[in-house]
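What follows is a single structure, written as structure tokens, with notes after it.
For reference, chains read A, B and C in written order, and residue numbers begin at 1 within each chain.
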Amino acid sequence: MALDSIFQFFIPKDKKFFTLFDEQAANLVLIAKALNELVNTTNPERQKELEKEIERMEHVLDQCAHKIFLELGKTFITPFDREDIHRLTSSIDEIADYIHGASKRIGMYKIEKSTPTMIKMAELILQSTEELQKAINELRNLKNLRNITDACVRLNSIENHADDLYDAAVADLFDNEKDAIKLIKMKEVYSALETATDMAEDAANVLESIIVKTS
Amino acid sequence: MALDSIFQFFIPKDKKFFTLFDEQAANLVLIAKALNELVNTTNPERQKELEKEIERMEHVLDQCAHKIFLELGKTFITPFDREDIHRLTSSIDEIADYIHGASKRIGMYKIEKSTPTMIKMAELILQSTEELQKAINELRNLKNLRNITDACVRLNSIENHADDLYDAAVADLFDNEKDAIKLIKMKEVYSALETATDMAEDAANVLESIIVKTS
Amino acid sequence: MALDSIFQFFIPKDKKFFTLFDEQAANLVLIAKALNELVNTTNPERQKELEKEIERMEHVLDQCAHKIFLELGKTFITPFDREDIHRLTSSIDEIADYIHGASKRIGMYKIEKSTPTMIKMAELILQSTEELQKAINELRNLKNLRNITDACVRLNSIENHADDLYDAAVADLFDNEKDAIKLIKMKEVYSALETATDMAEDAANVLESIIVKTS
């Protein structure tokens, strides 16, 4: 058997990763869309439905990550460094966890009407997930590295924007909210939303390190 | 020297890991037992003693992790992937950290009588540590992979249960606790307890990835 | 080309890491010094300036970490395990993040006069960063491993000290601060300061594991 055919042998498994990454990224965009609908609805029944839907989607995303980790265990030759695959998958999984965390808190703390900051932050999260999806879809051929680096730049700037929104909203809470319990509730919701964009920035950092190694 | 004897050379060091893992797991069960006694006692002196005992045990567990990391640095051939050993040891160490964190908060916040949720969560933590110990003891021969996967399934379901308990207890706090400072105290204790089971689930994920690679 | 000259080829890149580590460590000391000035000033204008200065420095430290990660991606042979370089750089970056986080909270929560605990904790953070700098400067030749292990021992004891200060300050808050919102503010500032020393201990753990492998 020529060396060439030995490598052929690995290719099918290799390609599996891209399909799994794409699936994870697509589901991430879906959960971010559900979050946006959640913060924009004022119908309490629709709110409950969306909370359940986000919970269900978070399980789907857990399974996506799980499949990638299993594949990583079974595959000898991987398209990128094993550690990078692990980190990329974990950070995407954490974005979904924080989206789910924000949704859970909205329900648990009975926040019936979203603040403008919540709506804006959910929008930034959706943008993050769409940028990540674009970048991840490019991983398959790596022909347009520029598209990936551009997405990473935008992910960084989205995170900065979310950070500023968070700081302003929390400063405002401490200035104006006299009810400590309400303050805690809102602060925790903002914090979950902001951390989701942090995790997207982490994912961008992994993408950047993958690109450096292949270029 | 035949290749065989070269490998023989490494076996003694290799086996050391299992002894160290077993020691770490046994100490983890002990600290979880002390936590259970702590949340079930109403004697303030016994409470103080147990808090000190848990603090002492946490140092012992720190040393267990430290020994494994040192061994990892010195050993060229390890029984599992170095990263998996690092992650498994770290996550067990974090379970102990959160058990200690919960105990410290109980003392610091002068919580003299545990709530039913605290008692139930401590029980779930103990179950987690016992499942982990079973799974870790099986790592030595890997003859009964099924025992390990079964333990991992149970660890996941324990974590889900703890999650539900946490959500219900926190929702109840926000509904009924009008004293914000008391609310903060209780929420932090619940959060430390719940995170301990999260860390046990992390450990289960590492065990699963070890199994996938060896099967 | 002899094997020797192949390795020569890698040495220039190799040395780059030490320059980058030294740069990161030097900037870390600077941001810790700015934090100390911040908690010791009572001039509100100087406070604002220092908050901005710390924010700027945190970006510089981000870039330091970024340069190391890029170098890691481009370099085939590294002076230490890739994972250790990644962990060391990340933990130093996190120290800077928490220093910045503490400074942001001091500004956001309008804490005009630092408590003695804040001043003492900032001092411990500065000591941590100076110990880290000493240890990191020694990495270049590894002739005085003892200097590194001594620094690690001191980093551990600094962290324990900060931990005790944190516990005492938080217990005191819960005993004496009746205003829940003020309590939340102070607790968060203390928590950011204490976590900075935790991250320094993490960096010490990585340094220790680097030493074990080279000795």
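As a convention for this text, a residue touches a chain if its C-beta (ideal position, glycine included) is under 8 Å from a C-beta of that chain, and two chains touch if they have at least 3 such contacts.
These figures come from a predicted structure and were not determined experimentally.
If you take chain A and chain B together, the chains in touch with both are C.
Chain copies chain A and chain C are related through a rotation whose angle, from the C-alpha fit, is 120° to the nearest 5. Of all residue numbers used where chain B meets chain C, under half belong to both copies. The two sides are thus made of different residues.
With centres set at the average Cα position, the gap from chain B to chain C is 28 Å.
Counting partner chains per residue, chain B has residues 83, 180-181, 184 touching two or more of them.
The part of chain B that touches chain C in the complex is made up of residues 69-70, 72-74, 83, 104, 108-110, 180-181, 184-185.
By the touch rule above, chain A contacts chain C in their complex via residues 83, 167, 170-171, 174, 177-178, 180-181, 183-184, 205, 208-209, 212-213.
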